[in-house]
Each structure stands twice: as C-alpha cells, then as structure tokens.
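The data blocks that follow each hold one structure.
Each of the next two complexes has subunit A plus one more chain, namely subunit B in the first and subunit C in the second.
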Partner chain A sequence: MRTWHLLWQQLRRYPSALVGLALIGLFVALSLYAVLAIPYREALLLWRGGEQWQDYPRNAAPAWTNWWRRSKLPETIVVRESSAEATVEETFPDGRRLRMTLAFPYGYGEFPQEMNLFVEADFIESRPFASLLWQTPDGRQFDLGTYRLRGRERISLSQNRDLARRLGAPAHIALLSEPGARPLELTGRVLPGEHRLILDLVMFEDDAEVSTKLISYGRVHGLAGTDHQRRDLMVALLWGTPIALAFGLLAAVGTTVTTLVVAAAGVWLGGWIDAAIQRITEVNMILPMLPVLVMVGALYSRSIWVMLGVVVLFGIFSAGIKMYRAMLLPVRDAPYIEAARAYGAGHWRIILRYMIPRVLPVLIPAFVTLIPSFVFLEASLAVLGLGDPVLPTWGKILNDAQSEGALYNGYYYWVVAPAVMLMLSGLGFAMLGFAMDRIFNPRLRAG
Partner chain B sequence: MPDNSQAPVGAAPGSGIWRNLRRLALFTVFRLVALFATVVVGVYLAIFIANMGGMVDQLREAQIRAETAEAVRAEDAFRDLTPLERNQVIEERVQRERARLRLDEPFVVRSIDYLRQAISLNLGRAEYMHSDSGSHRVYSIIGERLPATLLLFGAANLLVFTVSLWLALWLSRNYGGRLDRLVVALAPTSAAPGWFYGIFLILLFSFVLPLLPAGGMVSAPVPETAFGYARSVLRHMALPLLAMFVSSIFVSVYSWRTFFLIYSSEDYVEMARAKGLPPRLIERRYILRPTLPPILTSFALMLIGLWGGAIILEQVFNWPGLGTLVFQAVGHRDTPVIIGTVVIFAYLLAATVFVLDILYAILDPRVRLTGGGR
Partner chain C sequence: MNEQSVNLTAAAATGSTVDPSVVVAARELHTWFELRRWGLFRVGNVRAVDGVSFELRRGEAAAFVGESGCGKSSLARTLLGLYRPTSGQVVFEGREMGGLDRGQRRDYRARVGYVQQDPYGALAPFMDVRRILREPLIVNRVGDRGERETRIRAALEEVGLSPPTDFLEKFPHMLSGGQQQRVVIARALILQPSLLIADEPVSMLDASVRVEILNLLRDIRRSRKLTLAFVTHDLSTVRHFAERIFVMYAGRMAEVAPVEALLARPRHPYTEALLAALPDPDPENAGRLRELPAGEPPSLLDPPSGCRFHPRCPHRIAGLCETREPPDFEVAPGHVAACWLNQE
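Up next, the complex of A and B:
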C-alpha cells in the first residue's frame, strides 16, 4: 500500500504519466462498458453480419461528419405500416382490397444511399397482390409496379433496373428529385416535403395480413459509421478494446515474467542449466517470429488465443534474457543472498523472493511499454488477414478497410477510427511506461 | 558457463603475445563451433515448424490426390475405363508423384535430409513459386527480391541510425533544452509500428494531396531511361521510408541520448572535464570510445534486421521485397522458400555475431585478455 502511495506521489509530477494513466483508465472503462453493454456471444453474433443488419446503410460515414458539411447528409429513415391499420376500400368474399399509405417526410438536401421496401405477408395459400405508387409532395405520381407477395420479401427499389430506366435514374434519386421543365427531366435537387408510398393490396384470405417497412438508407450513421456489410463499426470499436487490452496485457505478462524467472533460474543455478538457457535463447534469436506466426495462422489456427500462446512461447527465451542476466549476475553475489543461503533458503525461494524483486524496478517500465507492442502485433496479424476469425477487433476493421479500398474510396473514417483507438491505447501505455522508467531508474533523470 | 567478466584482469601477465594469440584462436574455434551448432538447431526447428511437424505433407498429399483425380478424369484416353481401373490409374499416378516428392518416406528421415541440404546452402527448388524470370530456383527467387528489401530498409535504417546517433550526441551536450524535451515527449509515439504511420501517410500524400504513389516500387510502364527508373523508384520509396523514419526516430534518439548521458556522467569523464580538456576531445576519447562496442552491436544487428524486411510494411506499401515473399510463400505452403530465407538469415546472424565477438576482442582489451565472455 505504502509503495503504491509513493509511486503515485512520484508519478504525479510527470504530466505525461498522468495523461497516460487517464488514457488507460478511459480504455479500461470503455472495455467494461463494452463487456456489460454487449455480451460476448451477442458481440460475436453481431459481427458475423447478415440479415440482422438489413436496416443499416452500407459504408455510411459517422453522423458527426455532418458538423462540417454545408449540405447535411441524410440519416436512415424507417417508416413502418401494417394492414391492420390500413383503410379497407372494398371487401369481397374471402378477401379484401385495401390501401396502405406510408408517409415519408424527407427534409435533407442530399439523396439517400438506397431505398428498400420490406414486405412481410402472412397468408395460408393465396399470395396477396400489391401495387406500389409513389406520390411526391407536388402531386406527381409514379407507378412502381405490381408484386405478388411471398412470405417475406425485399423489394429493392433502387436496384430495380427497369424502374430506373423508366424513371431516368435509380429510384431513390428519381422519386425524391425536383421535377425539371420537361417530364422525366431531373434537376438533381431534392424536393423536400412529405412523399408518400401507397400500397394497394388485394388479399384473398380473410385473415391475411401484410406489414411493410420502407427504409431510406442514410449516408451517415451513428458515432462510427458502418462497413461494407452494413455492420455498425461501433460494435468492433467497442469490443476491440477489451480484446486489445487483454491480448496486450496477457502477452506482456506471459513474456516478461517467464523470461525473468528463466533468467534468474539460469543465473542462480548456473552450470549446464544456464548454458542450456543461453543456447536456447540463441537458437530462438534465429527463428523469425512473425513468419512463424504467419505460418501458424495459415496452417493451424487463427484463433487469437493460439496466437497468444505462440507469442508467449517465443517470448520466453527472447533476447531480454541476456539483458536480465547481465543485471542479475552482480545480484547473485550480493551479501544478502549469502545471508539467505546461510539460513537455509531453498533455490526457488532465493530466485523468486530474493533475486527477482531486486530487478523488478527495471522490469516494470519495460513491461508497461511492452503492452502496446503486443496490441499492435494483434493488429498487424489482422492486417495481414490472420486476425481471429470470429472476434471483432480493431485490426480486423483495418483489414476490412484495406481490402475494400477504404482510403481509395474516401471512407477515411473506416481507417481513422480504429487507428486512433490503437494509437491512443499505445500512447497511454507508452507515456506511463516512459515516465515510470525515469522514476525507477534515477540515472535517466539527468534530462 | 562461468561468469568470465568477473575473472581478474591480471590473469594474463606479459609472458607473451603467443599466449594471447593461442587464447584468441581457442576462443575463435569454440565460438565457431557453438555458433554452427546454434544455426543447425535453429534451422532444424525452422524446417520442423515450416512443415508443421509433417502436417503440411498431409495437406500436400490430399492436394496431389485431388489434382491427379481431376487430371485423369479430364483425359480422353481414360474415358472408357471402368471406375475400378480408373481408380487404379489414379492411385498409380499419386504414388509416382508421392515418390517424386519423397512423401512416401517418413517425415523425420526427410527432415534430416532437408537439414543437410539447407546447411550446405543447397536451397533447391521452390514447389510452386517462381521468380519473375520463370525460374523455380530458390536462389533466383530470393535474389530477385533481395535488392528491393535492401534498398528500402537499408536506406531507412541507415538514415535512422545516423540521424539518431548524431542528434543524440548533440542532445546529450544540450540536454534539458526545448528540442530535448520535445524528443522525450515524442518518444512514446514510437509505440506504433511503421506500417501504422504508413496508412496515414498514404491517406495524406496519395489521396488528400496526390503527390506520391500509394504503393509499388516503380511506375508502370517501367521508365526506359536509367534516370527515369531511379526517379520513379525514389518517388515510390519516399512514403515507406518516411513511415519507418517517423515510427522509430524519436525512441531511437531518446534511448541513445540517455545512453550518452549515462556515460558522460561517469567519474572519468568528470575527471577529464576537471582537467580542462576540450569538449571535442572528451566526446571523442572519453564518451565515444568506451561506447563503441554497444554502438557497433546495434549497428550490426540493424544490418541483420534488414534481412527479411518487414512483412507488414511491405504488404501495406505493396513493396516487392523479402517480407512479401515470405508472406506469399507461407500462403502457398512453399516450404523450400521459407526455409531458404530462414537459413540465410541464420547464417548472416551467426556470421555477424562472430564478427562482433572478434571486434569486441579488438576494441575491448578486457575481453581480449580473459578469453571472452558475454
């Protein structure tokens, strides 16, 4: 307790240490929030993608990018309606004809990204008919075709080529556009006001019901935007935090602690054990770590925990052993260890309780500065396409962005957000580590 | 191994240069044997890992079987055979292919053979990959990529090394100044690797301000004049070079500066100052001279580090170097290429360590006299 207090007293004098601590605190809070707000299983399911994201736009920028835009980009608008609330026009034996009106107020100056109509029809045998009609605020009407409904259906208005040819432009532009001087001429400006989508339904069963959902996909979404699979990037940004911290921390602990114990054991026990440790370290220096990791990822498993295991395994006999050995050699002959031996302390007691604590001050700052390098290692593997297959991580966002040519297509937020997270977490640990280095090793304080 | 650095320096009396030489020769032989053993073990481990302990063989066999079956089925000559006969033909061909690739022998036997060939630098032929000129020889494949890696990483590392040493020496003389504080404050930014800065540099200089190419080594079509070629390569080099420079310069300057500061506060330096020696002389004879071995070590290790380049940086910038080669080789499971790069790296490292040992013996009289120790 006292030592912690003393450490805090010292750290307080370094602004960089305080900034680092604040950043680390922020990331710890963020990981707690992520784990509590989105349970692990749910996060994996969400990141798998698919139909659950169908209401989200594709490659939408974060909503806050509108702050500096003169003409605001639209957000996603969802209008729902069901036949239960629609006006019945006519009933006939075993069926009815009714009219559903989806009011669609549109006030943005820019066109949406895409428009889809989702129709869910509940019937037993006879498929209902639906004819679609678009009404603009100035009273023009466009026939959007007639459909025979299946159970669940996505009527893609924007990707309907025939419709686009008939209207002169993809539906989401043509329908919302201001009319030109001649018919079918488009000005390229949005006609604001209440547009209406009218569905004339004919149902041939008494209990048949139809519910619809008109989605005008926005070009901005949420705090983080979305990717090419319509997934909200926030999921991976949030969940990437605990994963990055866990990976960095575990790898750093796994490599530094084992390395130190092995080095101390070698120095204390000496003889063939020390020689063996030295030789293993030299052999290990020859093996290139990253290619081995790439091999493990390509041939065996891309699970992040397998990668962690390999990293720790290679980290045990790292070049750090040589450094610790140099520090521990003078400790071995220190009088207090002689004293410990005199009262009968065993080998392990001497190694763990007497030798290692002596060099810990040097180790702790190195340990803190090591964490970001492992966080970045995870990202590096992911950028190479060897990221964990199921987990949402920062590196995997970067990898997706790279393979989709995000920078080339101008989706800079897709790269910037995970990069900023990586950079800030790296900076947090590095700033704290560098400050601790100066506290624990007073000789560095000269400057 | 006993701790030699503790041995008394006076162990070698002036009784003769011969004794020193004999010791040096003994030490040399011992180091050579130890280093060679290290290389052998390291290379064998690399062979074992690259084959996943024989797991790659199973994958390869399955692939051979599938390909042969496909080929036999497609061939008109075998159209009329019964399925049984056709299976026989397939089986026969698979066995022949297995024998050709020596997959019918146990992995342990083959791995020893691979090791023998690798150690004698007989790198053999790649299984799938080939060089741009169409050769399957591992030497040609590596040889084709080596200049690209050496050019980019050699330039970057030399630049970082010289600039950081020079700046660190200057800062250690003027520590506490504004520039010094700036370097200390910026040192943590080196937590991010080069490719990370690379992404931003590409964003900034290739897309926002389209000044420089985003990737590759030379523009297409390849410029015809030598001058145009050099210009194009330089333009392509600029961004990756800058990325590496930015990512490592601050921490490099910081650590060298601290290193020099520690040495310049030694008692003998204070003594020299007290004597009133000129600062230039102090710097050269009292600070640089004793710090020469560590500087040399890090310089040599930096040179070694050039081998293999950096997989990710090369991937991000689409640089056709050794890193990309290794990455592709792993993707193709082309073990001869992977092992080839590891073997050359191992030999280079061993040679460097050996040269360093000798250099240490020359530079540091203590090592020379006590028979060496690390």
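Up next, the complex of A and C:
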C-alpha cells in the first residue's frame, strides 16, 4: 500500500505520466465496457458476420463525419409493415387481396446507399403474389414489378438491373429524385417528403401472413462506421481493446517473468546451466521471431493463445537475458544473499525472493513500455493475415481494410480508427514508462 | 622435532573422541580456489586456507587476526559451510560437516550465526526489519506466525533496538550503520545458535559506534554463553574482547595463544611485527593507519617455501627457515607458535 502511495506521489510530478495513466485508464474502462456490454460469445458471433447484419449499410462512414459535411449523408431508415395491419381490399374463397403501405419519409439531401425490401411470407402451399408500386410525394408512380413470394426473401430494389434500365438509374436514386432531373447519382437531386411503397398482396390461403421491411441503407453509421460485410466496426474497436491489453500484458508479463527467472537461475546456479542458458539465448537471438510466428500461423494455428505461447516461448531466451544477467551478477555476490545461504535458504528461495526483487524496480519501466510492443506485434500478425480467425481485434480491422483497398476507395475511417487505437495505447504506456524510468533510474533525472 | 612441539593436527585428530565442551573443530582444513585464465586454463590454486586445525570450546571467544588477504574470511566461510573445504574437516558439536545430508546441513546452518562486515550490504534493501528477521525462521520452519513475531521482538530488544515497534517496519536505508549492524546481529541470533561467527563486524562502522557494537557482542556472548569466532585485522580491539587469539599468515596459523600471553610475549616474528605496528593506546591516535610488517604479503598462489613468513622475517635462520616448514611449537600451555625460533 505504502509503496503504491509513494509511487503515485512521484508519478504525479510528471505530466507525461498523468497523460499516460489517463490513456491507460481510458483503455481499461473501454475494455470493461466492451466485456460487460457485449459478452464474449456474442462478440464472436457478431464478428462472424452474416444475416444478422442485413439491416446495416455496407462501408458506411461514421455518423459524426456529417459534422463537417454541408450536405448531410443519410443514415439507415427501416420501415416495417405486416399483413395483419394492412387494409383488406377484397376477400374470395380461400384467400384475400390486401394493400400494404410502407410510408417512407425521406429528408436527406443525399441519396441512400441502397434500398432493399425484405419480405417474410407465412403460408402452407400456395405462394402469395406481391406487386410493388412506388409513390413519390408529388404523386408520380413507378411500377416496380410483381413477385411471387417464397418464405423469406430479399427483394433488392437497387440491384435489379431491369428496373434500373427502366428507370434510367438504380432504383434508390431514380425513385427518390426530383422529377425531370437527370437521375444520376452525381447530378440528381433528392425530392424530400413522404415517399410510399405500396404492396398489393394476393394470398391464396386464409391464414397466410406477410410481413415486410423496407430498408434504405444510410451512408453513415454509428460511431465507427461499418465494413464490407456490413459489420459495425465498433464491435471490433471495442472488443479489440481488452484483447490488445490482455495480449500485451500477458506477453509482457510472460516474457519478463520467465526471462527474469531463467536469467536469475543461470546466474545463481552457474556452471553448465548458466552456459546452456547463454548459448540458447545466443542462438535464439539470431532467430527472427516474425517468420517463426508466420510459420506457426500458416502451418499450425492462428489462435491468439497459440501465438501468445510462441511469443512467450521465444521471448524467454531473448536479449533481455543478457541485460538481466548483467544486473543480477552483482546481486549474486551481495552479502545479504550470503547471509541467506548461511541461515539455510534454498536455491529457489534465493532466486525468487532475494535476487529477483532486487532488480525488479529497475525493470518496471521497461516492462511498461514492453506492453505496447506486444500489442503492435499482435496487430502486425493480424495485418499479415495471421490474426486469430474468430476474435475481433484492431489488427483484423486493418487486415480487412487493407484487403478491401480501404484507402484507395476512400474509406479512411476504416484504417484511421484502429490505427488511432493502436497509437494511443502505445502512447499511453510509453509516456507512463518514460516517467517511471525517470523515477526508478534517477540518474536520468538530471538530464 | 622438539618434544615440546605439539602438532596441532595431531591434537585435533586425537580430539576426535567426542569432547562435549568443544563446539567446533577444524581439522587440517584446506580451502583452495581454482584460478583459471579466461575461465579456461587452470593457472593454479589460491590457497586461502591451507592446513588449519583448532578447536573452539563452548563459551569461548576467539579472535582471528592477520593482514588483509591472509584467508580469515575464507576460513570463516568454510566454518559456516559456505565454502566446501578442499580437504580436511569441520566438526561441529561432534559431527563432521562433510557427512551431513541436506536437512542436517540446514540444521547446522541454523546453529551457527553469521555477522558480516558490511551491515548495509548484509540486509536486503527491499525487506523491512520484520521480514529480514522472519526469513531465517521461515526458512527453518520455526514456530507459527505469532511465535515468530514474539521471537522477532525479543531479538530486537536483545540487540538494543527498543521499543521493537519503532524498527519493525523500517527498511535498512532508514537505519544508521550501528542500527543496521544490530539488525544483522539480531538476525544471526534469532535461530539461537551456539556458535557466532563475526567477520570484521565493526570495521565498516563509525569509530563512535564500534565500541557499542563490540560491547553488545560481548554482553550477548556472556548472557547466552555463545562461542564466538571473531575475525579482525585490528589487534587493538582484540584485547578487551577475546580470550584466545589466532594469528593467521598466508592461509596458516602462525601463532595461537591466550590474549595476555600473546600481547605480553609474542613468540612469532609476524605477531611481533603486528604488535609493533599497533598505534599507541592513546585514544587520540586510535584508528590511525598502522604500518604492517615490512615487505609484500606473500602470494597465496605460490606460497614461499619453508616458513611462509621467511622472506619478510628479520630473524630468519638461514638454511632452515626457507627450506623447512616450521611445526607448531607449544611454548607454554595453550600457547603455540609455528616458528623455528622456538626450537630449543
């Protein structure tokens, strides 16, 4: 307790430490929020993608980008309707005809990204018919064709080529344009007001039901935007935080502790054990870690835990051993250790309780700055396509962005958000680490 | 060889029938350090302890004196079991140390206290006093939590750090040199040893606290009936303190005698030189650098032939001293000197 208090007293005097601590605190808070708001399993399921994201736009920028846009980009609008609430126009034996109206108020100055109609029909044998009619606020009407419904289906208005040819532009533009204007995405202007999609349904069974959902996909979404699979990037940005912190922390603790113990054991036990440790370290130091990780990822497993294991394993006999050794050698000959031997302390007690605690304070700053380097390593692996196959991480976002040509396509937010997270986390730990370095290694303080 | 000369080796060997009054005995003890060049080629052996035999009786205080580098600390560490003797034996309370198994060796270590020279270095800087004193108890599985705490407090009281509460939570750097050395002594005593080995316990302290610490050691020894082996290279402190003096030279015993006898009439030229180099007892001059006997201390790698002191000896007997090693001559009861001058 006292030690923590003293440390805080010291740290308080360094603004960089405070900024670092604030950043780290922020990331810890984000991690807690992520873990509490989206349970782990759910996060994995969400990140797997698929139908659950069908209401989300593709490659939408974050909504706050509208702040500096003169003409705001639309957000997603969803309109639902079901046959139970629709007006029945006519009944006949074993069936009815009804009219369903999906009112669609549109006030944006820009066209949506896409429009889809989802229809869910509940029937036994005879498939219902639906004819679609679009009504603009100024009374124009467009026939969008007749469909014979299956159980569940997506009627893509925007990707219907016939329709587009007939209307002169993809439906989501043509239908929303001012009359007369050439309905091209670049020159056309939106006609604001209440548009309507009218479905005339004919059902041949008494208890058949149909429910519909019209989605006008926005071009901005949420805080972080979405990716090419319509996934909300927020999921990965949020969940990437605890994963990055856990990986960085575990790898840093794992390598530091094991390296320290191995170095101390070598120094204390000496002889062939020390020689073996030294030689293994020398060999290991010239083995580059990244290719090894790439090999493990390609041949064995890309699980983040396997990667963590490999990182720690290769981290044990790292250059750190040489440094720790130099620090531990004088400790080995310290009189207090001789005294401990004289009252009967065993090898492990001496290594763990007498030697390591002596050098630990000096290593804490290096330890703190080691954490982000492992966070970056994990991200680099993901960018190389060796990220964990199921986990949402910052690196995975970057990897997707890269393979989808995000920057070429102008989806800068796709790259910027994870990059900023990575940089801020690195900055936080680095700033704290530098301040700690000054506290624990007072010789630097004069500078 | 003279009848009067008694070989200490022989004496120790005959003493192997267990004499309960002998706490610790050294028999032909050798501690050599292998010297290698570049960690590879054997250059030779540093003969730090090179054939030493003696016995310490219960309650006795013995001072080991000699120049720097003559092997005093090496002898102390060998007695403690920190160095494995190259040959010879350490017998503690009738048991030979080389024959002990791990558990017994630990027991042995618990029965011998060790006070080092540098009190600050002897205390782990990251442990507070309570933890420092608790460690020996934990390592030797002594008592439970409560009992340890009482022992710790008692030990602090005993070394004059009272009330203990003022010190338990202190870290070594918060204590003065004298207080640090008291903690070291408390740690050495906490396992209730029967032998205390103190290696120059005051040489790194301020002159003002030296006497305090020496008096403390003397009081503790008396009240606990401890056997004390006290290493020093300062003869001036010895006379108030020890009963017997062991003068070491180049890894061997030059002279062993009761304090008064040795100070009154040294029988080895090396002892004479040491005494001559003592500053006068005038306290104003105390602590002034003394001149050691003329000449260089001998190499322990390749000690001089014959008597090891002969190259520096003013009284050497040509033809004898440089060729034959002097045996131990018993010049008076309990007074032994390894010098040919004592040959009748």
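Following the convention adopted for this analysis, the second predicted complex is superposed on the first by the 440 of 447 C-alpha atoms of A that agree within 3 Å, B and C clash if a C-alpha of one lies under 4 Å from a C-alpha of the other, contacts with A are read in each partner's own complex, and residues count from 1 in each chain.
Rule of thumb we're sticking to: a residue touches a chain if its C-beta (ideal position, glycine included) is under 8 Å from a C-beta of that chain, and two chains touch if they have at least 3 such contacts.
Since the structure is predicted, the reported quantities are computational estimates derived from the model, not experimental observations.
When the shared chain is aligned, subunit B comes close enough to touch A:408, but subunit C does not. In the superposition on chain A, contact of A:357 is made with subunit C only, not with subunit B. Residue contacts after overlaying the shared chain place A:282 against subunit B, while subunit C stays out of touching range.
Comparing subunit C and subunit B on the residues of subunit A they touch gives the larger count to B.
By the touch criterion defined above, A:338 reaches subunit C but does not reach subunit B. In the superposition on chain A, A:424 makes contact with neither subunit B nor subunit C. When the two structures are aligned on the shared chain, A:398 is found in touch with subunit B, with no touch to subunit C. Within subunit A, not a single residue is touched by subunit B in the first complex and by subunit C in the second.
Of all the residues in subunit A, the ones that touch subunit C in their complex are 334-336, 338-346, 349, 354, 357-358. Those residues of subunit A whose C-beta lies close enough to touch subunit B in the complex are 16, 20, 270, 274-275, 278-279, 282-288, 290-292, 294-295, 298-300, 322, 329, 369, 372-373, 376, 379-380, 383-384, 398, 402, 407-408, 410, 412, 415, 419, 422-423, 426-427, 429-431, 433-434, 443-444, 446-447. Taken together, the subunit B residues at the contact with subunit A in this complex read 1-3, 5-6, 34, 37-39, 41-43, 45-46, 49-50, 52, 55-56, 59, 171, 175-176, 180, 184-185, 187-193, 195-196, 199-200, 202-203, 206-207, 214, 257-258, 261-262, 265, 308, 311-312, 315-316, 326-327, 330-331, 333, 338, 341-342, 345-346, 349-350, 374. Note for the complex: subunit C touches subunit A at residues 77, 80-82, 105-106, 109-110, 112, 114, 116-118, 121-126, 135-136, 139-140, 184, 187, 191.
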